[in-house]
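Order of writing sets the chain letters: A, B and C. Residues in each chain are counted from 1.
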Amino acid sequence: MYNSCNIIEHVIDTWEKLQAQAPLVQCITNSVAANYAANVLLAAGASPAMIDNPFEAESFTQISGALSINTGTPTTEQMHAMMISAQTAHKHHIPWVLDPVGYGPILKWRSDAVDALLQYNPSVIRGNASEISALAGRLTQSKGVDSILKSDEMFHHAQHLLTKTSCVAISGETDYILSNAMTCIVKIQGGSHLQPRITATGCALGALVAAYCAVAPVHLATITAHVHFAIAGKLAFDQAQTVGSFNIMFMDYIHMLDANLIEQYARIELISDD
Amino acid sequence: MYNSCNIIEHVIDTWEKLQAQAPLVQCITNSVAANYAANVLLAAGASPAMIDNPFEAESFTQISGALSINTGTPTTEQMHAMMISAQTAHKHHIPWVLDPVGYGPILKWRSDAVDALLQYNPSVIRGNASEISALAGRLTQSKGVDSILKSDEMFHHAQHLLTKTSCVAISGETDYILSNAMTCIVKIQGGSHLQPRITATGCALGALVAAYCAVAPVHLATITAHVHFAIAGKLAFDQAQTVGSFNIMFMDYIHMLDANLIEQYARIELISDD
Amino acid sequence: MYNSCNIIEHVIDTWEKLQAQAPLVQCITNSVAANYAANVLLAAGASPAMIDNPFEAESFTQISGALSINTGTPTTEQMHAMMISAQTAHKHHIPWVLDPVGYGPILKWRSDAVDALLQYNPSVIRGNASEISALAGRLTQSKGVDSILKSDEMFHHAQHLLTKTSCVAISGETDYILSNAMTCIVKIQGGSHLQPRITATGCALGALVAAYCAVAPVHLATITAHVHFAIAGKLAFDQAQTVGSFNIMFMDYIHMLDANLIEQYARIELISDD
């Protein structure tokens, strides 16, 4: 399996596949993230297409390399498109990523939709600790879930989600990735404390996970997307410490990533799951 | 009451409260402003959430520190969400800001909606001279309103709006703020002539007014938001005179504002209202 | 008629008219492009308004200097607004630009809508080689159309579209413009290979074509918009070779263009159509 040495080689290999293939990635995302996520995918080397209406969802998902679904600011039409595209992706074995933005008891409409989407087995579920915790909590309701979990502890609960998806990514100051394909949990560090001060970075990360899923196994794709973001965030912060300039440098480093930068700056730790 | 000296202290105090509390601000805004307004709120220290569907509006407004409603590019679903959220805010004494973008005889659908929203007594109405003038004109129709008012004169008419709201902010080269809580009119200068050359700056300002309303009385919140924008605009223009770079520097200074910069650059004038 | 010398004078004249008149341009565009296209129009000197609901479309189009319709991420309400606004523009002789994003057999809903919009005779149809080719192909179906046309060859097919519109612009590494008002085909070079790596640049170009159509004959408007973009792209790339920084410099040069820069950097070639 993987170790801290060969995982970097796999990440580099996955990044190179993205550059070579420039996969078409359908994104059904929110109004805040649409422009930003498209620019991140283009900068990273993928081909985004924001097809989010229910009338074209089925035909477009069929020709896509991967699908990214994000519930940030859903409309009724987008909700229908999400269901159709997720079902189509599931049927045609096209990888798809679910980013359950806002999942929880306050936002019932989208949370019900996310519950329904789980039947189509997302390849990856990506969210912050609070969203993943709420989602895992629902599925392990009988055991009860602490609502003030530390993000370090929370990945134990997240493992219950692996009955619904192949891979769970919990983004935060440190990212955790759990997958049915790995016996370990992957811990990724880097980035910058400014990233949460820029809107839609998480949404764009979800879309980037989908892009990598079009060219590699989902667990490697998820790891690579998080490493890509963490390195770009770290290098951008080295050059700019205010949000406006940081955000531009971040996009620059999403674009400039290469094998050498991955080799030099990736901070991946494999921790055993006990 | 306030004078030109102690008002600065109140502004600094209000800015510090925003940093300390990072309030949750619900924004129902237009497709042009969604990303930009969210980034301005994050840069300023608040926590934006663009919940704009009618199915989650009631439950989300209840947990928000403030609400910002903007009629830039409304959809039918957003219109429903606006009504529900405004009503909820009114009922639960949550401050809310109305930015009646495009109000006037040409855009009847939104103007009718804005008229209906007034029943829920927005804490603040913020707009440019033309929008405020049209809105005030409607309410003072019997007296007639000059459609080519100078912005200097217009605040007299705007005072009629104070039966519907606690505070009126007229943004332009010079900003005017009128409030039931003050006997004077507040005049704020600064900014840059480039700001109108960047889309959604006014919309983001409305959202920032809402953010400050979550932590301070509405008139101080409104003054502070306008001072925040005016200083960031002035300092950004000192460094960049073209729109792309200016916009990045503007976001940087929204982020970098502190007590010293407020002390040094705030240009607030209190003028008696006669 | 035009030659390679006097065409530059016409472009400068058209650019100056835009600065002098700052025309109101209604844009019905996609969620990815809304902010970016508005900023490009403002930077270029126009006044954008993103009125995209069916309830205000008719009254607003009547007061607009030009209309830009883009089918990137349509909603049902936007589709209705497109039909109403296109019909209104046609009736009142207001120039309008059609950017048939995604036109082709995979995206049937929008393609049917685009077919219906053609009855209102867009002043300009702007798209990439694949979209224009698909659209031209449909209209010349009996002759058959090669789906792997070179962009150099494709303009011959595009001429069939001139029964539906006065002007066709095919954007790519090299731009081609065909018009009923000219016996030659106009070839414009410049720009940067980074432009396709930034989302919504094509959409913003379509909106800019509309802006120029408000102040000049459609063929000169279309040429000037493409020259404006090509010069800004070339000068931006001279200063920044990564997508984040390039995009900011691009907006700066959209803003900074002037007669001298047009004189110095415009690369326009008039080629005979045989």
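As a convention for this text, a residue touches a chain if its C-beta (ideal position, glycine included) is under 8 Å from a C-beta of that chain, and two chains touch if they have at least 3 such contacts.
Values in this document were obtained by computation on a predicted structure and should not be read as measured data.
The touch graph of these protein chains is complete, with an edge between every pair of chains. On superposing C-alpha atoms, the copy subunit A sits rotated by 120° relative to subunit B, to the nearest 5. Mean C-alpha positions place subunit B and subunit C at a centre distance of 34 Å.
The residues of subunit B that reach two or more other chains are 31, 34-35, 75, 247-248, listed in rising order.
Listing the residues of subunit B that touch subunit C in their complex gives 30-36, 72-76, 102, 106-110, 196-200, 242-245, 247-248.
Considering their complex, residues 31, 34-35, 38-39, 42-43, 48-53, 55-56, 59-60, 63, 75, 77, 247-252, 254-256 of subunit A touch subunit C.
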